[in-house]
Structure formats: structure tokens, C-alpha cells
Amino acid sequence: MKPSVLLVECPDRPGLVHGISGVLFRRGVNVVGNHEFVDRPSQRFFMRTEFDGTVDTTELMTELRSVVPEGATLRLSHLEPKRVVVLASKEHHCVADILVRHAFKQLNAHIQAVVSNHDALESFVEKFDLPFHCIPHGELSREVHEAEILTAVLRYKPDYIVLAKYMRVLSPGFVHRFPARILNIHHSFLPAFVGARPYHQAYERGVKVIGASAHFVTEQLDAGPIIVQQVIPVDHTHGAADLAQAGQDVEQLALARAMRLVFEDRVFLCENRTVIFD
Amino acid sequence: MKPSVLLVECPDRPGLVHGISGVLFRRGVNVVGNHEFVDRPSQRFFMRTEFDGTVDTTELMTELRSVVPEGATLRLSHLEPKRVVVLASKEHHCVADILVRHAFKQLNAHIQAVVSNHDALESFVEKFDLPFHCIPHGELSREVHEAEILTAVLRYKPDYIVLAKYMRVLSPGFVHRFPARILNIHHSFLPAFVGARPYHQAYERGVKVIGASAHFVTEQLDAGPIIVQQVIPVDHTHGAADLAQAGQDVEQLALARAMRLVFEDRVFLCENRTVIFD
Amino acid sequence: MKPSVLLVECPDRPGLVHGISGVLFRRGVNVVGNHEFVDRPSQRFFMRTEFDGTVDTTELMTELRSVVPEGATLRLSHLEPKRVVVLASKEHHCVADILVRHAFKQLNAHIQAVVSNHDALESFVEKFDLPFHCIPHGELSREVHEAEILTAVLRYKPDYIVLAKYMRVLSPGFVHRFPARILNIHHSFLPAFVGARPYHQAYERGVKVIGASAHFVTEQLDAGPIIVQQVIPVDHTHGAADLAQAGQDVEQLALARAMRLVFEDRVFLCENRTVIFD
Amino acid sequence: MKPSVLLVECPDRPGLVHGISGVLFRRGVNVVGNHEFVDRPSQRFFMRTEFDGTVDTTELMTELRSVVPEGATLRLSHLEPKRVVVLASKEHHCVADILVRHAFKQLNAHIQAVVSNHDALESFVEKFDLPFHCIPHGELSREVHEAEILTAVLRYKPDYIVLAKYMRVLSPGFVHRFPARILNIHHSFLPAFVGARPYHQAYERGVKVIGASAHFVTEQLDAGPIIVQQVIPVDHTHGAADLAQAGQDVEQLALARAMRLVFEDRVFLCENRTVIFD
């Protein structure tokens, strides 16, 4: 049986760990893991506790409220699989990695569907018995196309949207509907090479290491909180196309790792940074 | 001012975090960092808490005893710099790295002296105004030589002995006097290539990655608890001598990192493994 | 169009590069890449040259023979996709990675079939429209079972056999039929943890880095020439099962990389080591 | 005895390797290593050949001229140690690493002096019996201060200047005097975090990996050709000061590796990128 997870975020003050652990102790649950962090600049306290045993959620929350400051964010998760819609374009490697992990139950998620602006991945996705929605932009305006994508996504009431090499920029209006609920994989070591064609930019700059950054999407392009970054060394023999090829493995690994962390409720936001308890 | 550190190790049972954090809370100290771990197979509980503020040690310990199981190991550290004697042979890189970090106060340690079975590093060590004791084996039996080394070491009443590429095997009797207090850097990725000439062994085996392992010395050669391991990729162009050369950087990094962890009281032993709170 | 590849291996002597490049120059082909290596201990010369343009193979070989020592190994490859049979057991991640790369034509190979001693992966493999042969050991003796595996494999006349987490040890007789043509992924950093349950061994030893080794299979278990090794850091929070989980990603990456190198004719053997031109 | 090194750079055309290796073969030298690379976009050919044996330089160059295109750059190096002046400010780690490697003859260089705008490292440098020139900016204008630095540097007629965490920006006029002869270590993963306080920038951005970039200095700040980049993972527990501390090890490693490559004549420039034969 999966453990439950208590997530606490509030202004720091003395005695928080003692107080919160006391509530759980008196409720008789068995704590199997515990992480705390205080962010000095913001004086915010973050805590994630895994425990076995059943509790009355309402009573637990009431008791916890009495030991944390006003305005604390408290959340109790039972690690239910998250509902996820994947957005993709033509590239297969991140989508394929997600579908394989999903097929073998390695993601704490139910993938609902893949939505794409191209049909390139249709037959591949269908191997996995998942709905594939192809919404080509064709003659559509940017706004109308995005609205159709949004309609397709909303139908599934997703907890999270995962951009698995989806190559269109989402509008602030779209992003705004899913705060800290859209994950993207950017094919560079952010904040280097923001925007289009990062591997071409990397080639021109002559870098000796390339990377991939999994991050939450915010209204500002490629500027959201970073969850995972992974890198690999390259050299002068790599042209821009070779860099793109070499980058695929770290892209799918960084995205897979970010999904695991988010779907297991291990990621807090702290300003534009992430606090991750792994 | 440095924080104090409370280190607790005991059999696991419910309520330990609550109890221990309660004692600290009531003493009015300010907890600035907290790590716990329960080792499932052995059901051992480990905790390291950093706090600011002064406490009466005796009273604190008495109160703590009342909230932990009988037989718990409790330790209060004020992070005083450790007294350290370095043993070396001919190779300079680990010794040099230690002396530089020491000169710029980057180790939480007072290096007392360097003791060596060769004179190769004498003039280098003396640049740093530290005693250098050269004890060549020459005609001496293994036992007599080690006894002289021991005498030289004991004079400094060290908390820790660091083997910085000391190329003689210490006898069980020597090791036994300093339980979990001798750090060694082994120039391979343990447990691969135990014993002599690991780079030659690695070359013969055709490995594509080499490594260095910093570990506590126990009576069994190269089998003590590992603290830090670091690796670098190599290829067919590296002969055995090239591997040794390439390995120097990871050797000194792994040893430096292990010293930092140990001297800052971040390392627990759990059977033949280490639990490290960094 | 794919380039052709000339592979030369012979005892070293002065003028080899000049002689070989002269033959290619006079034939009017366009060299697009060139690597040479001399292994000092064995005084063996290795060369791999990629070139565009068509040549009469017989004439080219005759001319080349005149500029290299007697007994030289010369090979001309047109980088035809290799015929490959995959052997698997219950674990999916390496097989899945191979099938995805194959589906998107990222391996220079035609996967002929997957042969397994379990049926766990049957439905997955069939998604990819490939034959799946399940040969359970059941009541069979070791010899009879292996003979049936061999029969299933031979039917496809493979250039290479890839052991994608196939958990049975192959007999010397089997291995002997496919010299330097069986690739295996061993789930440890060889030569550490040879044999069964390497992650349990790694856990007991308390390592701080785990790895995966892709190697050619020889008659001695886990002792064949290493092609690729990859590693990831771990810590005390990883039990044996966590190590196994954490190791999956590097296992599939190391195996994928080894397949690419071998199937693109980039790997030479030099005693029990590999010389790799990437 | 050290080998000689022939360095060739010219427009690509068929037969270059054959022609150049033929000249060396006829001169009777023993080639011990050979690397070539053709940069497709620029159609430039690069070659580095190590050989044992003595040759008449003038005759060799004349013969080589006859087999390479007009305008080719030919250089014969006997791997003489380079004359180097180090510029530093207050931070010790890169300077210390250089002085230790120099003391044990691990750099192919003669360090002539350390020039600094601070006196912080004076006593340390003097341990190594090297001149230390402290030129504080004090009341000096930027121009006058730089002119004094230049005077101190020029006195030593250096082949290369190494900026070992020298925290002043050099003017285009200064840089212009030493084309591809000034090495800098920038404490970030370029092109991320150009300019001042890169670790503070990295902290604000919440990166999960930090890096160091060793590069040639050009007239545009932090935009010169990159030689080596190294990275290490970080997490939310690292404040800006912790990032700076964590970055020191990769800074000194990246700079040491870049010096080795440059001082052993392994680095070519190709537009704003480096071609490195290691």
C-alpha cells in the first residue's frame, strides 16, 4: 500500500518540526520519511512527510492548523496517480519514453491522451492504446489553433500537461490556466539558449557541454522554475544536427525524472526556484 | 559563530523526531538544519541537527536520554576543527590539495604533521610550515617500521589520520587503535581492483571509466565503509600510466570531499556502509 | 547516401597511413573521416576511414594488400544495417529502448525477433510487429533449453545477438559460435560485482556510484571486452531495489550506445580490450 | 625525449593526409599519433601529428608547402614549455592549483610571475619562489591601472597570460595585443550568466547544475572560444555563496585542463569555436 504524504509550506518559526511531528505521532501513524528545508532569503519553511496508516483527514488538518502559522499551505496526498495529457510535435523520443514508462507503470500517472500539431506520432501512440488528437495548424490563426488544443486538453481534466518536445509557444492565457501544472523539456541548459533552435545556438557558441532542462512553464518563455537539468559532454566533431541527436537521451531522462518528482509530490515552488525532496 | 550539531543514533521507534525536536525547542535553541534517516534492514534511526544558541550540555543530554531508547548514541559537537595527521609516500597531489585547503582554512581541521616513508615531499610540506617526518623503511622490518610511524603519529594525539596516497598496508593492530578514524583514498572504483596497482589492473581489464574511493580503513584491506566515490571516463588511448595520471584529479577531489564530510560530523556508520547528511 | 568504411588492423610499421590514404586518394574517393591508433604494448595498428564514392572492391583490396603487412585484416563495410536477434527475460527497459530506437530507425540494425525464457514481454513486443519466441525452461535441462534458444536464434541468421537483460548464463559452446558477436548489458560497473544479483552486492558494499557495462560476451562470465560503461551517483537512501531501479536508465543508455558503436563498425578488439573510433 | 608536433590548418582538399604523411614518411620520422578534422561548414582542414626523430625544419617546411594549398598555416612545435604570466585577484584556488602543478612539473609551462590587483595571495605565491606583483587600483583610473598591469606582464615576454580568477575586465586594446594567448576561467556555464556575479545569477535562476568555462579571451566579454567546460549538480540547499564554494573545484579543474591542452599545442581555432586534439 502506498504511504500518505503531508506537505507543509509556511513562514518559518521555531518549533514547527516538533509541532507537526507531534500531531502525526499522536494520530498514531508511522512516519517513514521526513524532509524539511528553510529557505533563508524568504524565511519560508517547507516540509514533506511520508507516513503509513490511516487518518481522518479533517481531524488531522484541524490539528495541524493549530501548530502552524496562519496562512500555511497544508496538503495531504495519497499519491494517487496524476491525470496527464501529453503535448507533442514531430519528435518521438520523449513521447516514446513516457509511453513505455506508463505501459510498465513506472510513472505515478494515468496518461489520458497525446495531443499533437502533427500526425507523425499517430501510429506509434496508437500501439499503446491511447487516444491521439492531431490538430494541425494549417490555415488556423495562432489563437484559434491554441483554442482547439485547449479544448482537446480540457476534455481530459488533466492534473498536469507535459510538453514532450511540443514545438509551439503557449500563450500567457493558456499557461495562466494551469499554474505550476505544465511541465516542459527545453533542449538546452537554461538559461543558455532560450527560445528557438537551441542546438544551433549551442553549435555557433562552440560549447563543450550540452544539456536539457525540465521546468514548469510560466508566462515568460523558458523562464519558469527549473526542476531537473542534465548534461553531456560534446566536442568539435558535433555539428548542430549531431548536438540535437546527442541531446535526445538527456532530454528524455530529464523529463522522466521531473515527471517522477512532480507526480510523487516532491516539488515545492519557492519564488522562481524549486525545492525538491527526493 | 559556528552552529552546534546534535548527532543521534539508536533503534528506530515512533516519535523520535517529535521527542528530540521537542527537547531542543524547549531549550530555546534555533534549529537551522535537520536530517533523519531510518535504515530499514537494521531498523536503526540516524539524526543530525544543527542549531544556533548555547545550551547546558549536561542538562541537554539528560533530557535527550529521556526521549530516546536505552543504548542510544548521543553526541554534541561544536564543530571544533579536528586534529589530523597526514600519511603520505611519494605522490604529491593529495597532500598538496590538503595543504592548500588547510592554508586557506577550507578544512575544518588543524593539520598537525605529514608523516611519510619517503622524503620526496619534504621540501613541499615545509613551504607550508608544517612538521614533516620521514621514516624510511630501509632495513626495518614491517613491524618496526609501522611502530615508528605509530610513534610519530601518536605524538600529535590526532582525531583522524588521513592516508593521502600512503602506499603501505597498515596492520590490523594499527588500524584497530583508530576505529573509523583513518581515512584512505584508494585509486580505483572499489570494490573493483582491490590491492596493489589498481590502474594496471584497470588497464588490463579495459575499463571505460576509472574512479577513486575515499573510505574508512578497517582491518580488511580496501574493504572499509565507503564515504565518497568519483569517476571519470577513459578510453583505449589511455595506457596504465595515463590512467594513473587521469585519476589524480578525482583522487584528490574524492578525498577532499570525504574529509569535509567527516570533519563536519556528517558521517554515520551503519554496518559496513555510511549514512551521510550533507 | 551512406559512406563506405574501410577497417584495417595489422602490426604497426612506418608509412601505413601514407600508404593506405594513397590507395584511397588514387581511387578518387572522398575521405570524410579518418581515425588511427597504435596500441603500444601489442604494436598493433588500427585504422577506420569513412569515404564517399564507389570503388571496385576487389581492386581496392588488392591495392591495399600491397601497402600493408602480410596478415593484415582488411574489411570494407557499406554500413548495411546489421541483422540482430534480441534475447530477453522479464525486465522490459532495455528491450523497450531497442524497439523504440528500431521503430524510428535510430539503430543501424534490423531487429529480427525477440527470444525470451519468459512471456512477460510478449504483448509489448508484438505492438512493434516483431516475432516473439517464448522458450520457458520449465522442465528442460539447461542444455536442452539452450539448444532450443539456439535453434530459435539461428533461424534468423543474425550478425549480432543482443542480450537485453537476458538472465541466463550462456554456455561456452553457445558463445563460441558467435565470437565478438554477442553483446551483453551487465548491471554493474565491471569488474565489480561479477555474477548474480550485482545490485544486492553493491548495496552490501555500500557503494556511492553504480554503473552498467555493455560488453562482448566471451566464454568467461562477465569478463569479455568492455564497450561502454556508464555510472550514476547513489547514496545511503537507496536500498538494493532502489539501486536496481536507478540503474535501469544507465543500463539502457550503455547498451544503446554500445549497439550504435558496434553496428556502425566503430569497434575493434585488441586483446581483451576494445579500440573504439567514435 | 619529447616528440615534435606538426600542426597544419588549411582549406580542405582531397589527398592532404596522404601528402602530409608522405612528407613525414620520406623524412624518416616515426609518427606516434595523428589526428585530423575537417570542419564541414567552413571546409577547413586541421591536422596534428606527433612524431619522434629529428628533421631539418626548413627542409620539412619546404616539402610540406608543396603538398598543401597556398595560404596553409604550418607550424612545427617541439613542445617547449610555454612562458606564462598568471593574473589573479583575491581568490586562491586556481592560482594554488597552477602553482602546485607547476612545482611538480605537470604543466608544460614556466610560470614567470603572478600579477594581482590585490595583495591577498602574496605570501602564498612567495612560498613557491615566484615573483608576485601587486598592482592595486587604488586611486588609479581604469586605463592607468591596466597600463601598469600590462607593463608588469610584458616584462616577462609571456607566450600566454592566464586569468586565474582575475576579476577585472581587460580592455579591447589589452586583449588585442595577445590574440588567442589569454586564457580565462569564467565561473559559469557560458553562455549562461555572462558578466558579473554569475553565481548570484545562477542562484536567482534556480539552476540545478553549475559549471565553469575555460576560454580564450576576445574583445567581447565572456564571448571568446570555449576550450573546456565542466559542471556539477547543485540543489535548493545551495545559496549563492554555496554555489560559489561548490564551483571552485570545477573552476580549477577546467582551467588546468585548458592549460594542458593549450600548452601541449592541442587547440586550433575555427571561427569562434575550438578544435581540440586530445
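The letters A, B, C and D name the chains in turn, as written, and every chain counts its residues from 1.
Rule of thumb we're sticking to: contacts are C-beta pairs under 8 Å (C-beta built on N, C-alpha and C of every residue); 3 or more make two chains touch, one makes a residue touch a chain.
This one's a predicted model, so the numbers in the text were calculated from it and none came from an experiment.
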Equivalent of C-D within the choices A-B, B-D or A-C, defined by over half of its residue contact pairs recurring: A-B
Which of A-B and B-C has more C-beta contact pairs: B-C
Centre-to-centre distance between subunit B and subunit A (centres being mean Cα positions), rounded to whole Å: 38
Euclidean distance of C-alpha centroids - subunit B vs subunit C, Å: 40
Contacts with 2+ other chains: residues of subunit A: none
Interface residues, subunit A side, partner subunit D - complex: 37, 39-41, 189-193, 204-209, 211, 213, 225-231, 233, 235-237, 239, 270, 272-276
Residues of subunit C that touch subunit A when the two form their complex: 92-93, 96-97, 100, 103-104, 124, 127-128, 249, 253, 256
Footprint of subunit C on subunit D - complex, ascending: 14-15, 17-18, 21-22, 24-25, 28, 30-34, 36, 38
